[in-house]
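Only one structure is covered here, and it is reproduced in the block below.
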Amino acid sequence: MASPLLEVTDLACRRGSRPVFDRLSFGLGGGELLALTGRNGSGKTTLLRALAGLVRPDAGTIRWQGEDVAGDPDTWRGRLAWLGHLDGLKGDLTVAENLETAERLRGGDAARLDSALVAFDLGPLAARPVRTLSAGQRRRTALARVVLAAAPLWLLDEPLNALDAPAQAAFRSALQKHLEGGGLAIAATHAALGVVGRTLELAA
Amino acid sequence: MADLHFLANPARFRRFSQRVLPGLGFATVLMLGVGLYMAFFVAPADYQQGQTVRIMFVHVPSAWLSMGGYALLAVLGASLLVWRHPLAALMARAAAPVGASFAAVCLLTGSLWGRPMWGTYWVWDARLTSMLLLFFLYLGHIALSRAYDDSGRGDRAAAILALVGVINLPIIKFSVDWWNTLHQPASVTRLDAPAIHNSILVPLLWMAVSLLFLFVWLVLLRTETEIDRRRLEVADQTQ
Amino acid sequence: MIGFLSLLRRDLRLVWRRPGDVGVVLAFFVVAVVLFPLGIGPETNVLTRIAAGVLWCAALFAALLSLERLFAADYEDGTLDLLLLAPWPLELAALAKCGAHWIVTGLPLSLLAPLLGVAFGLEPESLFILFVTLLVGTPALSLTGGLAAALTLGARKSGALLALLALPLCVPTLIFGAGAVEALAMGEGIVTHVAILAALALVALATMPWAIAAALRQAGE
Amino acid sequence: MIGFLSLLRRDLRLVWRRPGDVGVVLAFFVVAVVLFPLGIGPETNVLTRIAAGVLWCAALFAALLSLERLFAADYEDGTLDLLLLAPWPLELAALAKCGAHWIVTGLPLSLLAPLLGVAFGLEPESLFILFVTLLVGTPALSLTGGLAAALTLGARKSGALLALLALPLCVPTLIFGAGAVEALAMGEGIVTHVAILAALALVALATMPWAIAAALRQAGE
Amino acid sequence: MASPLLEVTDLACRRGSRPVFDRLSFGLGGGELLALTGRNGSGKTTLLRALAGLVRPDAGTIRWQGEDVAGDPDTWRGRLAWLGHLDGLKGDLTVAENLETAERLRGGDAARLDSALVAFDLGPLAARPVRTLSAGQRRRTALARVVLAAAPLWLLDEPLNALDAPAQAAFRSALQKHLEGGGLAIAATHAALGVVGRTLELAA
């Protein structure tokens, strides 16, 4: 087997002064999904933030195509699409404006905006300010932002939160498409994602 | 910085400080005793200022030490941000209140001295004002390092502040000088440093050195406490 | 550069969506300035004497009040994470945010202050100098205050803490800004003052984006 | 009554957990006061003339800055919903929150202001009157500012909006508070001033809790 | 059949100027659970807030034992235990302090604090400040608050959000116990609650 695209070796993180995990290693190739599971507080969110470079790990390395990502963080960040616990939307901007601005901030051109809106049934909401949306409608907007980014690696923290059944199905097919196109995805979740993938269970 | 490198590890620091602290404490007490004796009984009263001149022996070294203390904070801040020395954060936490206290002592003794000399506790003189602003910079550092849930975040935020502050200190000092010379208050009779006699200079320098000892002793002692506190925190959280 | 411009545009657009917000900062400035005659009493000569100082202090407070939300809003709704994850230098992002803040705060304040100065009995030349010094000095306030805002992200009582951190750092700008108007009143030259103000702004421009970016990075942890 | 006391205790305990927070507000007050001499210039006679006004204005700013988070924190973390759902009058809850704010802000400010007055060259009697007027006047500030804080919940730039709303409401308190010190300096009686201040505080006490409760209910929708 | 404890008649609500639902009627007796389902944005959160009196309905009445609750809102609020989208916890207080204060604010005495902590496995976290907890640990604390309140009517907005499997089970048994004791519960949810009850599906 060729060495995986993403390789994490001996990663260790602490929050406050509490060690959260220690010597965590895994690899992930193109088209693969890794579901992070584990008890509440086992460190799923912390791991995702460490992968994105938002939390500085205590030890360990993250490699992309064999190169340490700490060496060129700008390029590494360009490879990521991020969905956090928080939606990261501006209440005063409309759905379309939010998506467009977020993509521009990534340096992209938001050309595929319409198809991202359609994927999550956001067409009718596109012109509404985000502050008037319900919890699930916001989450869908945040997911559309991930799809729009066209990044090879998706980092998702509880993507199914607050979604209704049709929206969950839409997410599933978007994820499937991303994987089929050779993308990678790591998702923290408590529910089954409904997409074939490996699982990494963090110990509490 | 070489010795800090050597001490960067808290455990090694503890071993070092436990060896040094008792002797240092003893030396501090001894030096301070001798210094205060010289200041109060050996040095002559000033022909102009009378006995109040003795305030100077505490006042001036405090001013020096509080300025040096901020420079220390900046150095510690840099070694935390650049080299991630775990000890630098703890030491900065320990040093900031000590430096602030010396600044406060300088301000207090100064204004107590000002009452007999100028007839008022405070004037908006350039030197006074810039010392006051330094005191605020200290307060900001202390408040910032304690304002966070995660002590590590507070440490790093305070380190950035210390670096920016130390760049700004000369600018602040310069601007305050400028500000005050624009319209010099007439009522103030400043002590124009007369050629200092050895009878005053020697006790002054002696006091400066002994207060420096006090400064170092307090910082080391407080660093130990910080190490212990951090350990308790860790133990508390990992239980 | 695309990212820089679109961030600047986003922030300006957010303000545009709520034009009242700029109005509020300016209104605060006006109210704060008007309070002084009320607190101090109406003698014109005293008021003229202190006018420049009061206007500058009020501008500083207004700028600080509005700075508090500069990064906090992004922090709370999660968009700061997106900024941190953008694949271009965070220093530019810091600059864009401070620039947007200056456009919606510093610039209008500079325009408004001379109008208020009239009520304090300032001469036309003084009013003009007041305008110039504010125009040159407020970018330094936006940048220095921006650092304080970034440092206090996620801290409790961040408003008061921000003021405590920013005020000593803003003192040089205040002294030379208010000093210029007084120097003019005394018949002295003011070129030095303005030159020093410009130098301060340039120093802030050259250093603060880095410090702000460092502060934002550790806020993301 | 159990609810009232436990809310008061909770808020005081929250402050107790972070004693630094009170320190920060006080430090801000000190810094703000110090800025004025820097802006205006160091002449003692001018400074003494404006001391009461400056100290009162700075106290007002400090109170406003710290008021901003009075209800906002509860609003953002969802505890405001719990307060709204508590089975006893919301008016009492409003009173408890403003009371806690006064204890940790108004009271220490009143104690600190006379110390700063020394640096402005105020006489001992003036210092005492300054203390008394602040003690009597700050409850009105906490209550009026509390209303503004409640009204601006959920609004962006709420800090500046709050100040805008609160400042005019606080003007009478400011005028009579600062006025008392000046009246003393002029050799006039100050009983009237203090009496009016007390009356203002009582009016605020009698009306504000209702207004605050109404505003909070609005914010919950 | 005796008339139900809680009776909602012809309730209508709007958010902004958009009507969310109209002429909604249902009744709920002791021991009954009502699950609110429906698409994102169908008005589940709005309905819960209207029931609690946090949003003023446009029309319709809410009756408890036959009496309009608008007549005596204090007593009505005393009957409710609330779990919103937001957890309603103070980050600076510990888990135990949060629960105790919340119960005191309701006028209760928090005597059963320990059993509420045990029910959600919060014993080891009781002395930790809430700000150091993960998303699911916070949600569990908020649920413990509901249990502690000992109120006849529970209003829950997406109670399973962020919970891991053992915590979901703990919630289920707490809910079961509440219902068996004659309590009522209304819960907005996208996942199956796993407890027998009626379902009200809101149309989008």
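The letters A, B, C, D and E name the chains in turn, as written, and every chain counts its residues from 1.
Following the convention adopted for this analysis, a residue touches a chain if its C-beta (ideal position, glycine included) is under 8 Å from a C-beta of that chain, and two chains touch if they have at least 3 such contacts.
Treat the numbers as computed from the prediction; the structure is a model and nothing was measured.
Asker: Starting at chain A, how many touching-chain steps does it take at least to reach chain C?
Answerer: 1
Asker: What's the overlap between the neighbours of chain C and those of chain D?
Answerer: A chain counts here if it touches both chain C and chain D, which gives B.
Asker: Between A-B and D-E, which chain pair shares more contacting C-beta pairs?
Answerer: D-E
Asker: Let me check something: if the centre of a chain is the mean of its CA atoms, which chain is farthest from chain E?
Answerer: That would be chain B.
Asker: Where the centres are mean C-alpha positions, what is the separation of chain A from chain E, in Å?
Answerer: The computed centroid separation for chain A versus chain E comes out at 31 Å.
Asker: Can you compute the centre-to-centre distance for chain A and chain D, using the mean CA position of each chain? Integer Å is fine.
Answerer: Going by mean C-alpha positions, chain A sits 45 Å from chain D.
Asker: Counting only residues that touch at least two other chains, what does the list for chain A look like?
Answerer: 15-16, 18, 85, 92
Asker: At least two partner chains per residue is the criterion; list those residues in chain C.
Answerer: Within chain C, the residues that touch at least two other chains are 18, 76, 156-157, 161, 164, 167-168, 171, 175, 182, 221.
Asker: Provide the list of chain B residues touching at least two other chains, using ranges where the numbers run on.
Answerer: As it turns out, chain B has residues touching two or more other chains at 133, 136, 139-140, 143, 147, 149-150, 152, 176, 179, 182-183, 237.
Asker: Check the chains against each other and report every pair that touches.
Answerer: Going through each pair of chains, those in contact are A-B, A-C, A-E, B-C, B-D, B-E, C-D, D-E.
Asker: Using the touch rule from the top, collect the residues of chain C that touch chain B in their complex.
Answerer: Counting only chain C, the residues touching chain B are 147, 151-152, 154-158, 161, 164-165, 167-169, 171-172, 175-176, 179, 182-183, 186, 196, 200, 203, 207-208, 211, 214-215, 218-219, 221.
Asker: Using the touch definition from the top, list the residues of chain A that touch chain B in their complex.
Answerer: Touch list, chain A to chain B: 15-19.
Asker: What does chain E use to touch chain A in their complex?
Answerer: 15-16, 18, 38-41, 45, 85, 132-137, 139-140, 158, 161-168, 190-191
Asker: Would you tell me which residues of chain B are touching chain D in their complex?
Answerer: 120-125, 129, 132-133, 136, 139-140, 142-143, 146-147, 176, 179-180, 182-183, 185, 187
Asker: Which residues of chain B touch chain A once you look at their complex with the stated criterion?
Answerer: Result: residues 149-152, 230, 233-234, 237-238 of chain B touch chain A.
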